[in-house]
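Okay, so chain A shows up in both of these, paired with chain B first and chain C after.
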Partner chain A sequence: MTTDGQPMNDSTGDDEAKTTDDGSRRTDGRHTKADGGHATTDSEFATPSGAGTDTEDGHGLPPLGSVRRYLVTTNHKDVGVLYIVTALFFLIFGGVLALLMRLQLWTAGQGLLSAGAYNQAVSIHGLIMVFWFLSPFAFGFANYIVPLQIGAKDLAFPRLNALSYWLYAASGLLLGVSFFQGASFAGGWTMYAPLDLPMYTPEVGSTTAILALLLFVVSITVSSVNFLTTMHRMRAEGLTLRRLPLFTWTILLTVWMMLFAFAALLAALMILSSDRLLGTTYFSFTEGGSLLWAHLFWFFGHPEVYIVFFPALGVMAETFQTFTGRRLVGRKWFIASMVLVALQSFGVWMHHMFLTSINLQVKTLFMATTIGISLPFDLMVFSLIYTMIKGRIRFVTPFLFTFGALVLFIVGGITGVFLGAVVLDYEFRGTYWVVAHFHYVMVGGVTALIGGLYYWYPKITGKMYDEFLGKVHFAAYFVGFNLLYFPMFLAWETPRRVFDYPPGLTPWHQLATIGAFVLGASFLLMFYNLTASLFTGEEAGDNPWAYSTTAEWTVPSPPPLENFPGIPSYRSGSIDFLAEDERSAIGSGTAADGGELTDGGVATVSDQATDHAPGHERITDEGEGEDHASIWPLAIGVGAFVLLLGASGFQGASFPDGFAGTFYAGLTGIGALLTGGSLFGLTRERFTGPSGPFGESWPFDGIENVKTGVWIFLASDVVLFGAFIGSYVFIRVAQGWVGWEPVPHDPLPGLVNTYLLLTSSFSVVLAMVAAEKGSKRGVVASLGLTIALGIGFLLNKGIEWQELFHEGLLLSTNVRTSTFFLTTGLHALHVIAGLVIAIYMLTRATRGAYLEDERPIEYFGLYWHFVDIVWLFLFPLFYIL
Partner chain B sequence: MASTKLYAAIYVVLFAFATLQVAVEELGFLGEAYWVAFGAIIVLSFLKALVVAGYYQHLRYEPRSLSYLILTGLLAALALTVAASYSIT
Partner chain C sequence: MSWFTQLPEPTSLPVQNGIVPRGTMVEVFRQIYFVFLVLGTLVGIVVIGYMCYLAYQYRDAGRGDADGEGGEGGEDGEEVDRPTLGELPTGSGGGRKLFTSLALSAIIVISLIAWTYGTLLFVEGAPSQGEEDFEVDVTGYQFGWEFEYPNGHTTDGVLRVPQGERIDLTVTSRDVWHNFGIPRFKVKSDAIPGQTTESWFTASETGTFQAACYELCGAGHSAMNAEVIVMEPTAFEQWYANTSNTSANATGSGNATEAGANATNATTTGAPNGTTNATGGNSTGNALLGATTTRSA
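Moving on, here comes the complex of A and B:
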């Protein structure tokens, strides 16, 4: 038994499996295993060749190594590689900007860069590192590893996964282009109002950068829905949440936080884009526009700290187990602490606003919640430390990085507690203390993820990196890191975001600049090591790490296209790969050795699996398996890029005169056509994704994947609309609630629209009932009525808006009109999106669709009713009260 | 699942509630006792939303996890709205 009472099953591996990473014997010499098991594969493990990694028969997927494969792939492993490589590119991009800043700070005052260029470098460095590098880097691993760890062939919606990547890539490209449109955004990565408004950042490039971030958030939302559906619905039999590997646990919690936090950021960015493009006045209204931005941004921003850090924590937990040979001490408490932090993260955001004019009571409350959130982290840190004490450490490169990350995180965490105290924050806010603190936390997280890169590199490439170079990289990295960031604590009186500072602090800044170059140079070693090892590295084998416990180490390196040689099951306490007819033949809750089921279990490949693997291949060979290729996600990404690049030229509710205006308007039109056409192409494509039955699906048992995905998306939409309505409430409270006059003079048009939407909801219900009864005429009539009512709603709204415009009430007139037009406009856009879907469904219904399977109508109804519900609140708020 | 009759009855109730909300304003209650009328109108909106979610979206017949999922989103939005608005009072 382990120290926390969990059984440690023995491996079925032979003595060879007991050798460690560098060829030496296992360090603790025992047969007990960390995290309930040991990952080995029998030597006769067969790689499914039919859907192999480099064949042409992967259902249209070009062979591995061809560029074309990466343009069309929807396979989670390929997408993972794309994320990792692209994120590393953005690491270089953001890193170069950081080096430019450090060169500027060699001495106080203006030097290498102009003031504007410095501001851009500061802002875009922050944006790139937080958004375009850190999370996507972590989600490269998540894409690659999570399906393997949970026993899934792919994510629930493979094309949406590819779409998430291409939207991310398009958003990054858009950000890069922004530098060539006058100037990129220069208002800081937090984009505080009013610096984010055209008055202070008037360049087209600033708008482009904001639209790029908006597109990035759309990508994140799509990804969140996909991951949550996958992790909750598609776990292998017996893999309950309690047994979930720790890296997957961290990704699960990360994605839940992303779903809700990024919805608030999406609302903030939509409003900001409207302020810049359409002239609304949310963030420029004098009673609190800048406070409103701060609330919306930090409601997202503080969970974002954990969104960035949790995957790093997952890598730390996994590697600590593997390289100490010990199951994580206090594992369940470690998980409980993470759950607690994920919940608490939404209740601490105002500690970023202690220097604003929010009242003292709320500051005190948020000081308490902030101190409270540090407590679960204490438990996690002690858990990791105690795991090291109980185990026997092997100092290989991945562990060095994750151990280093723990040290850096402790420093970052302790220095952050100061900022959680209101009085101390008055002193430290806006200084380099904050800069040093969050770099110790955030780049501390990067340190663990670099450890993850070394850890999973052999799995992803099949090659082993050079251990000596890895260790040199760590030494240079760790020295460079501390040389760069620790002097910032000592020079803490330096004001943030500006290049001027008291001359007495010059030595510390020069030390930091030297550290920055050492840190940057260390990455050259990494890139050389990993690139050279790809061509000349030793074969890594299926599992180069003794005591690794998770399922990815049971399959070949790199894994085959559909991951497993059979259906993964943990019912026996170990992972087994079964044929279809064996699923129910597995034991009923106890391990083969009579012990309890373990979390993750002993990862082995049974003889059965090997025997049945060929059958699995045959299925794939005959083309009855899943598809792995689609061009449409890339096409949508291209369309979105062109569309938003064009939209960036739309300033103050119009395109500029002359060539520039024509150019941007043309791009907008082309982009809209490309995006719309590609979306249509996506819907017309025959694509087979992973299908059930799956093993564990708690808490969404019995709710199939698409339906689960729709509901998760709607939960995110609740926060989006909630943030819009919350902004309206905030502004109205700031201006005096009762004295606020509704923009429409008469509630009647709103009431008529309420009737129309309610009736349309009823008609969708009737369409579903008709489909259940097999009545084609009923389905067509009901859907037709829904569409007619939806169009009626839009026409009525159009007439109402037209009258208001004639009265001189425009979006830009005042904050009352801004909130009215934008919030109800967002709702109208939802109605339009619903109508497009309904029209598409109607054309299919006329050809007899949905009579055998009415679920698409039910899922459309979920969305349409949600739009109805939103209106049920918008109507009284904007027309009556 | 609900019957067509029940769906129709719900539709009628929703229609009536929407009318009632406007009636509260038209009859001058907002002018006389603003916050009481405000409460009544918002409660009516929540009731309508509950009925649509419960019956038209079938949440009443689905596993509770879906209801909790949506309630979590609602709670997050309410926390933001209430705390942000309170912070400037």
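Moving on, here comes the complex of A and C:
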């Protein structure tokens, strides 16, 4: 649980920043004394200040253009570039797999690929495009642009951001490796059970692919927490949620959906990995294992559709405004529609299951919600269209792409209504109609994101791409796209994921194959254009686009390390960059509007004073500005890669015999050491992230970044446990609720454990009280008691499990034991993670930490209480009922 | 391309009462699909056409504000309040026309769906009184289909049904998730291990058709087909009377191709990694495909 430890150590990072003399640090950190404070609304933003060069030195960040910089960087812009480049690599990877499929489909029947290889191509193409390309591509932009748009210097937790990237990169590499371990996963991107179990997909590579996805989801979770904290807490003054630029709005909603949807997928993948590695029997459970997977997967899967599409919508909204020179028509309704969709996206998943055994009432309900969710999109489409009225529309490459994307999305939307009619859905299920529809929607989204790439390319690189080549790219792309996907509507009777089709459909499939190659070739143009322009392109200037409004265009291209020449503020109605002293004035002056009000209603300045007191035992002498480099995220990524590669060899609760087994076991050991060691390194590292005061922090005004992060993480953990408990209830209902006997015969150990945990929650509170009173002994004693109680909990559980094992009740015995061991085991893992943190804190407490600043104890307490509360649900469910 | 031309045949719509489509699955699908296709195309053309019109009308023809090639657009451009860099994002009104458009599209979509909902109730309903129906259990496995008739007779890879009668299917799977579909009769149902799903169809013509698997189920998925033989009711009665509670392979008469298919499928059963088998099964699949298209041509 890498995420568990994180918030703590970033807090220590913050502490260190705060140790030094506040005032001097801040003045040094912002290079604005000289040129700061000019409140302008025109080209004068562009202060080619010394900020860039000034910040390059110090902070241990190698200069731009060196490879080493990208290995250690934690700066959001660098990470954004890494995301974009890596995602484009996966676009090529997934694209080549798609071309292989299209070649196979040139004629009906077996061709280029064997049946198994074709299924792998289908499955991994889907997985790569949905997971490893689309979202990371969008999040490259989000990383780069969102902090600029909201006026933040970086994300709230820069190292976690780098960690997200490296976990993503590691997971992608793992997926690539899976092809060389027998075969990669071949059960479709939906991974329906029980085809996803070793019984049907026994290759080691299948396990690796699933573990890769698991790692990807962990990366997403880390990223979600980071983005939500940043976007809620660190907006410029005056930039209330309602005023957020649309791209940022779409990302905000995307991340909220991600937080909850991916938690459900995380649960599904954890259970699946456990089924594959440990031999639990969730998805092989006959009476409902298959359906359970479908529910879990689609509960994630439908929000996922919007997760990948929303950023594209944001790019469309931004570019439509810029290139038509009009503000968005019905902006607030546009935003309201998106909020509605984001909420409703969690209530439509069963429309993917209309042909399963769900009953008519449920079908009707989900038909209604499905139609309901399509209407807000109508509004958004009309809003974009009407924005063109009275515009001054310039058909440059970015707009061509987003305009084209809207056309494609309209086609995708209309064909989606066909699927919403259940009677038609019955026939379209599993055919190319579905394939064509979702490619129009999703690749329509990609089209908009490509527009975004051209739109922000000058900002990111400082160079202008070649406009003519860009237009040619668009022409080839648009023709190729329609040539590829439109024939699929005409050939819709072809079954999905089948390389055999009635010969009458051959012409359409050949047309599609030609289109696929045109589409693929168009990207070669793009890669050439964007690469060549890097060296030969004209200087783009700060703002190459007329009528652009958002803050990223007010700073140089590329923006300096710390983004702004001063503190961005919208107090006057448009952006100004204020100097530090002006900012302080605002701080006390505007405290009444709630901007930086904290607990006691203390205004910002004095709040800062208390904020910055703590952390005495590790005073740093270099407290100037933020850090932008850390090697540990990369190290953790490498560790996770090795660890999971090793774990892939594990099957049915053991490693295979012989060399392979030793190899995999060795890898697992090395990986575990690497990961653990680098996590520890990350915790020990001195790192200064961005610190307040921030302009707008609604609705987390009084809650600092780390605490916000912990809360958000716990929210996703609630969904994770919810999914586990839901799975248990689902299985138990399918099996017969009443006839189900709890696995432990004796609830007594569970009861004892309940009291142990409750007491330990209490002792954490005591530790906090002691810290507030400044009693070192009290802190140490209470933390020690907490740890002792936690260890007691684990020992008691260990003895209980040992007895059950002796009775022959193993994880793999039956679905009752599987649910019991896995769900309570997940809880035990949370306890262990908590204990690791607590032990770390205890060692620090013995050296006098937390006396001045008890907040880390409070954060730990939040987590610990949560773990405690979960147990209060698990105990009755698994021991008594 | 008979598969395509067969779709929009509004002239062949059967007589019916009310506006809710009823009839065989094929007729129902044909009518609804036709209406959706026409309306969808219409809406698509109108919306995209309007988009392109706006894009042309308000294109930026030249550099200056008053450059008049855009006509109206150019002139308006001068009065229009253009966004400026660094401003706080705001919208530009226009709520009313937005909601008018939304209301229009909502009416179209909701009425269409409500209209098909009547048909859904009909499709999901029990057979009407006096209508004969014939129940068959379908079981999918890697990679083939097994059919069990009411008298306990089972066949593998070949489903024989009487023409004109409603056939009720109860579908399940023995191993992984499959989906049983007969494209010609527009019937489809998930085959989920441990679950049963139900669907029905009426074959209006005699001949040999193909059933296929519509859910990725493993290496043999592409070739996981079955033959559906629709017989004259009398011929079917005769055939059915001769079956007993045995497997189809034993009954023999005229089942040579069937037996071939079975042999391939039999080897695959229970063998999860059937890559090699799949290639074998595949050629059978192609042969069947060929047969179907000759039939429909």
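Here are some notes:
The working rule: the second predicted complex is superposed on the first by the 784 of 881 C-alpha atoms of A that agree within 3 Å, B and C clash if a C-alpha of one lies under 4 Å from a C-alpha of the other, contacts with A are read in each partner's own complex, and residues count from 1 in each chain.
What we mean here is this: contacts are C-beta pairs under 8 Å (C-beta built on N, C-alpha and C of every residue); 3 or more make two chains touch, one makes a residue touch a chain.
This structure is a prediction, so every number in the text was calculated from the model and none was measured.
After overlaying the two complexes on the shared chain, residue contacts for A:Ala108 are found with chain C alone; chain B is out of touch.
When the two complexes are overlaid on their common chain A, residue A:Gly116 makes contact with chain C while staying clear of chain B. When the two structures are aligned on the shared chain, A:Gly702 is found in touch with chain B, with no touch to chain C.
In the superposed pair of complexes, A:Gly288 makes contact with chain B and with chain C alike. Look at A:Glu467: by the touch rule set out above, it reaches neither chain B nor chain C.
Once the two complexes are laid over each other on the shared chain, residue contacts for A:Glu582 go to neither chain B nor chain C. Counting the residues of chain A touched by each of chain B and chain C gives the higher count for C. Of the two partner chains placed by the overlay, only chain C lies in contact with A:Gln321; chain B stays clear of it. Shared-chain residue A:Val362: touches chain B; no touch with chain C. Residues 288, 291, 353, 357 of chain A touch chain B in one complex and chain C in the other. By the touch rule above, chain C contacts chain A in their complex via residues 1-4, 25, 28-29, 32-33, 36, 40, 43-44, 47-48, 50-51, 54-55, 58-60, 70, 73, 76-77, 80, 82-95, 97-99, 101-102, 105-106, 109-110, 112-113, 116-117, 119-121, 123-124, 142, 175-177, 179, 181, 183, 186, 188-190, 192-197, 199, 212-223, 272-273, 275, 278-279, 282, 285-286, 289-290, 292-293, 297. Those residues of chain A that touch chain B in the shared complex are 260, 263-264, 288, 291-292, 295-296, 299, 346-347, 350, 353, 357-359, 362, 699-703, 711-712, 714-719, 721-723, 725-726, 729-730, 733-734, 738, 747-748, 751, 754-755, 758-759, 761-762, 764-766, 769, 858, 861-862, 865-866, 868-869, 872-873, 875-876, 880-881.
For chain B in complex with chain A, the residues that touch the partner chain are 4, 7-8, 11, 14-15, 18-19, 21-22, 24-26, 30, 34, 38, 41-42, 44-45, 48-49, 52-53, 56-58, 62-63, 65-66, 69-70, 72-74, 76-81, 83-89.
Listing the residues of chain A that touch chain C in their complex gives 41-43, 45, 108-110, 114-116, 118-119, 122-123, 186-188, 192-195, 199-202, 238-239, 243-246, 285-291, 321-322, 324-334, 353, 355-357, 360, 363-364, 367, 371, 374-375, 378-379, 381-383, 385-395, 403, 406-407, 410-411, 414-415, 417-418, 420-424, 426-427, 429-431, 490, 493, 495-505, 543, 547-551, 553-554, 570, 573-575.
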